[in-house]
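Residue numbering begins at 1 within each chain, and the chains themselves are lettered A, B and C in the order written.
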Amino acid sequence: MTAILELRILPPLAIGRLGAATEPMDNYTAELDPDEPLAPRVLVPAPTLRVDRTSGEIVDDEVPEELRFTDGHGKVKPVAPFVEVWALTEELVLRPLTMELLRANKVEPKDVRWRTRVGNHKIERRTYDLKDRVDADTGWFTDHGEHALTGRCANFLADKTLPLGHVRYIKPTAEYPGIRLRFTPAGGYVYGSGGMIGEHDPNVVDALYDSTKGTWRGHVDKPGDPRLTIPNSIYAGDDGPHGTWISRGYLDDECDGLVDVELTVGGRKLTAYGRIGAGPPAYAPDSVPVRTIADELDQALFGPRAGDHDTPEDAHKVAEEVLRRALESVRLMNTAVMNGNTVDGRVDAASTMVRQDSADTGRTFEPIMAPSLVDTAAVFALHQDVLAALRSGTAPWFADVLRDYDEVGDLTAKGRRKMPALMRGADGRSLALTRRQVDLVRKAARQEIFRQGQGADESGGPG
Amino acid sequence: MRSRVHRHMASVLPELFDEQPAAMAYLAVAGPLGEAEKKPVLPPEFNWRDYTVMLLHVAAEIEHSLMVQYLFAAYSMGGPQVPDELRKKVRGWQEIILGIAKEEMGHLVTVQNLLTSLGGPINLDREDYPWGSDFYPFPFTLRRLTRESLAAYVVAESPAKWTGDLAKKVKTDAEVATGKTVNRVGELYGRIDAILGNREHIPDELFHAETLPYQASWDEWGRGYTRGERGQDAGNVETVKSPELLVFGVFSRDSARKALHEIGEQGEAVGADEQDETSHFKRFLGIYAELAELPQGKQDLVARPIAENPVTAHRLNESVVVQYAARTVTTNPITDPGTALWGHLFNLRYRMLLTDISHAFRLAGPLDNGGVLTGRGALVHRAFAEMYNLRALAGRLVELPLDKDKPDGTRAGPPFEMPYSLELPDRDRDRWLLQRDLVEASRLLTDQLLETNPACVGDPYVVALRESDRRASEQIEHILDRKGCTG
Amino acid sequence: MSDDELRIHPLNLTAQIDHRAAGNPPSTLPESAISNAYPGLEFDIRNIWRRLLVGIELHEADNYVVDADADHERLKGRRLLAVAGHDVIGDLVGPTRPGADPGPLTSAVNPDGVMMLEWSNSLADVLADHAGETVTCLFTSGPAPNPVGKPAKVPDPSVEEVELEVRSLFAHSEAAGGPLPVIAEEMAGPGDLTRGLCSPWQNDYRECACYYWAASRPDYVNVELTGLGTSTGNHWFAKDREPREYVLDNRTDSRLVSYDDLFRDWQGRLRFIVGGDDAPEHVETEPGDR
């Protein structure tokens, strides 16, 4: 009847966010106000699963009265995502793996085995020394206690480990019967290297790295080495001779890795894995970046071109969403400064794409857009008006000013003014959207005029 | 209807006065065209600078009128009646015509720069329709796209010596649409250029370089539309290149003449370069050729069934019929009350667009790469926002019924009616008061649409427009009150 | 809705990626993570492409071969120029003085004036059309520590064509017969998606200015209109919100939160921004005590 064919972990990529507060971040949704469609998304508190510290059970899912991102004592609430196990059953649908489904397959929650492996390889990426990898592995477990993600590294001081948070197999109950694991990321601390100054460095909470074993403290990104990170020298450091940047030997408690789950049903071992990671908080939680990891995955799954399965309505929604996201970025950018305007007589007054273009390529230094146009209020209003017009259902008319991925090296006045502007992409030049995003906007632009009937329908934000 | 410039036109187009020997008598004293030497001749009541300013006014009006008619034609295209196999083509044609309209916008703005440089007032005015200026290539009429209306545009933008079978055919079609031989825009630019080329007519010091910060620049108005390093980009539609917006600053005689040459060239593929595929002439002709290949029945399906010259007449049901040359031009009042509201909103936003442009010309851009920013940037952006609004509103109007008694009959289309005046107040504060008036008028209309028109309740666009207006008025209030920090 | 009522079609991969597990706020979703990554905030997602071609390992952000297996040892240190006919480099052009005509932007270390195009877009066709197949890859014929352009015609002594197999980026479902919505383990192991990020992350949080991540790491907050109709507001890093003016970040201005401040107490220093303004929980704080 409901034999399980396969397991999956959903979401397949769950993001945790650092914070040292005891209570994790509450749940919320980001919603559009139908009466003020140009206004920021509204954050609305949502049912929050509270986990009992001792039992590992979910005790309630109440909606918090107000949303707070910090604990009121200077600590940020960590974002601690749940990952759920879903089962592909013989009806060829995915459904949550629950106690009932386990029972139907003659297994129990304790038969579900978990393992989590995460790493922080930032140091190794720079020193190329495998002994600089920090890795944590919980091993397989079936209980509902907290399993620390203890980062170990060959080049750490004896007995020192890097706490990377913990995972917990949430104990299913009659009321919350789903099989799920929660990843609680680390506190967001900075650690140092032991030896001479580390122990007394007020910037770090502890010295973990043994400078007598490894080279991280004092490391210099060697100019001209083609293996360097791009950009290079992005570690805490101090100026050294000949323009070098000498590492202070700091490390953080970010990580990423895999959550494995295993269940043997009817003699068949089913396995699945999902991914987790821990980064800094989303400090503007009502805003979405113009190009996100979801867009990367979408393009990788469906290819760079819009296809027949992408309806004109879908395409129009993508166009509108791209615009809304652009609006959200613009609202939080000092576009006059980012444009490279001279501000109060100060030329090249901040780190901008304009500076970057000149520094990397020798292009002449000049503002990207006409300096008169770029005050944030004016640019913001324009983006709002574009979004308003798009909501009429009119075909997007701006597809031809979107930057194509292969014209990022066009640093002419025209090339730099393509959209999105003033922002940097993965290749260090002006950002291009994914090709699939661009093609979907173009698809909407091609097809809208043959429709009859009013308006695009309401489209929501994230969640 | 004759415009006020008509009586001065003999200096450029003497043939207009062939049947009026009395008028010609005194013009002959001034000397019309010196046929042999092609020298411009100054008509009475003018000196050379003022005459040039007048001709530039006419030029502005022509560019403006062409732009509006092209936009109307482009907006008419599409609709569910377009057969599947034609859709790709039709969308491509629409994109070409919209591109040409954008380029006309560049011409219009460049003419304003010429005027500003010479110290003349800018001119964003044009006559309402139906109207024909002597210089105007054909009587101004808003028409849906047909083979004949397209033919008129081809001829309007055609080079001086365009002959042959195809030319004959297109000209015949054009006459069906316009009822007269279509004149050429190029004549006017040729005349202005001849004057500007003469140091004795217009001395060097009459070109005011210091007006550059007030002039429009491609940097501000081009929105990235120009030929780039990689050639002309693919536009919204794969097969159609994106337009090239030409906006030239004018600070000297040479820069003035270059501006005229460039915009003239973009129109009609001047000289021997008839193969230049990017001219308006060639692009229109390309569409014409493709459209003409279709059977007549299919040609009619390319555009929506929208009215000619829709107007939001206050005295409803009153159609104005004007005989212009051999053709009768008719206006069609929008009698459907819901549609009329949309039409009024369209007219108002059109007025806001023109007001924003002329207001922007009153505020200097920053002299260097920055400095203190003014409201100019916001006005330029708002002008573009109004273009987007017009597009959105036109998208509605081409779907809505014209006649209250014929809900399934002819559709309305965007009326493009001119405001009573485009004069801006002298004092800056009063100009912002005007801006506030317009935003308030818009809010009255959007409220009315949302509250009285059941079809518009919760309309996502009108709701968003109302919000945008509210935000715009907040900004205007700040300026009026000098509220907040002044930094 | 109870868990038992939820259903997703196994091939609806988008729904699986976007799935909001019960209790998860939107900031847990891939949609909340920035990908115009340089290197990124949550992930340096460029890393998922390093092992797309069997036998070699690419630099996550350059068309440089950092490693190769025994069979392809000779490719190590070379540059990849095209895959299956798709270029992975583009030209750099622009003016070198104001108003000048644009020309190739070359330098001593980049004599051909070219740049690598990010993998996600430049390899998108390769992944979509050739996963599991062998394709022709164009490499420089020798080690190339610096950027190199593509010759006008191939063959050319400066380049070599090599046949390599294209991997799938995603894990595979036997049961459903298609991709799973999770990046395959062989493409990125633990630590791979964050290895390129700054160490510690705070070090990039300021230095990189804000020009790719305003939606995650704000720049300009508490913005209000001026009497000129323009805007004024705070730099997000401003220690005090009064006066409301934007302090230009020259990396040393003491009115802004410093790196050391961030290392020690980023949680106490940084404010969440909602609707463009400091979140209410931060506003209660008396000015001056930060």
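Definition applied: a residue touches a chain if its C-beta (ideal position, glycine included) is under 8 Å from a C-beta of that chain, and two chains touch if they have at least 3 such contacts.
These numbers come from a predicted model, not from an experiment.
Enquirer: Farthest chain from subunit C, going by the mean of C-alpha atoms per chain?
Expert: It is B.
Enquirer: Sort out for me whether A-C or A-B is joined by the greater number of C-beta contact pairs.
Expert: Contact tally favours A-C.
Enquirer: Suppose each chain is reduced to the average of its Cα coordinates; what separation in Å results between subunit B and subunit C?
Expert: That gives a centre separation of 44 Å.
Enquirer: Between subunit A and subunit B, tell me the centre distance in angstrom, where each centre is the average of that chain's C-alpha atoms.
Expert: Centre separation, subunit A to subunit B: 47 Å.
Enquirer: If you average the CA atoms of subunit A and of subunit C, how far apart do the two points sit, in angstrom?
Expert: Comparing mean C-alpha positions, subunit C is 10 Å from subunit A.
Enquirer: Where in subunit B do residues touch at least two different other chains?
Expert: 229, 373-374, 377-378, 475
Enquirer: Residues touching two or more other chains, restricted to subunit C: which are they?
Expert: Correct list: 93, 102, 225, 229-230.
Enquirer: Return the residues of subunit A touching two or more other chains; collapse runs of consecutive numbers into ranges.
Expert: Answer for subunit A, listing residues that touch two or more other chains: 39, 343, 366, 375, 377-378, 407, 410, 412-413, 415.
Enquirer: Within their complex, state which residues of subunit A touch subunit B.
Expert: Contacts found on subunit A: 34-39, 336, 340-343, 347, 366-367, 369-375, 377-379, 381-382, 384-389, 391-397, 399-401, 407, 410, 412-415, 417-418, 442, 445-447, 449-458.
Enquirer: Residue numbers of subunit C touching subunit B in their complex, please.
Expert: 93, 102, 224-230, 232, 244-245
Enquirer: Inside the complex, what are the residues of subunit B that reach subunit C?
Expert: 229, 372-375, 377-378, 474-476, 478-479, 481-487
Enquirer: Which of the residues in subunit B end up touching subunit A in this complex?
Expert: Interface residues on subunit B, with respect to subunit A: 77-80, 82, 87-88, 90-91, 94, 98, 217, 219-220, 222-226, 228-230, 233-238, 242, 365-366, 368-371, 373-374, 376-378, 380-382, 384-385, 388-389, 391-393, 395-396, 399, 455, 458-461, 463-465, 467-468, 471-472, 475.
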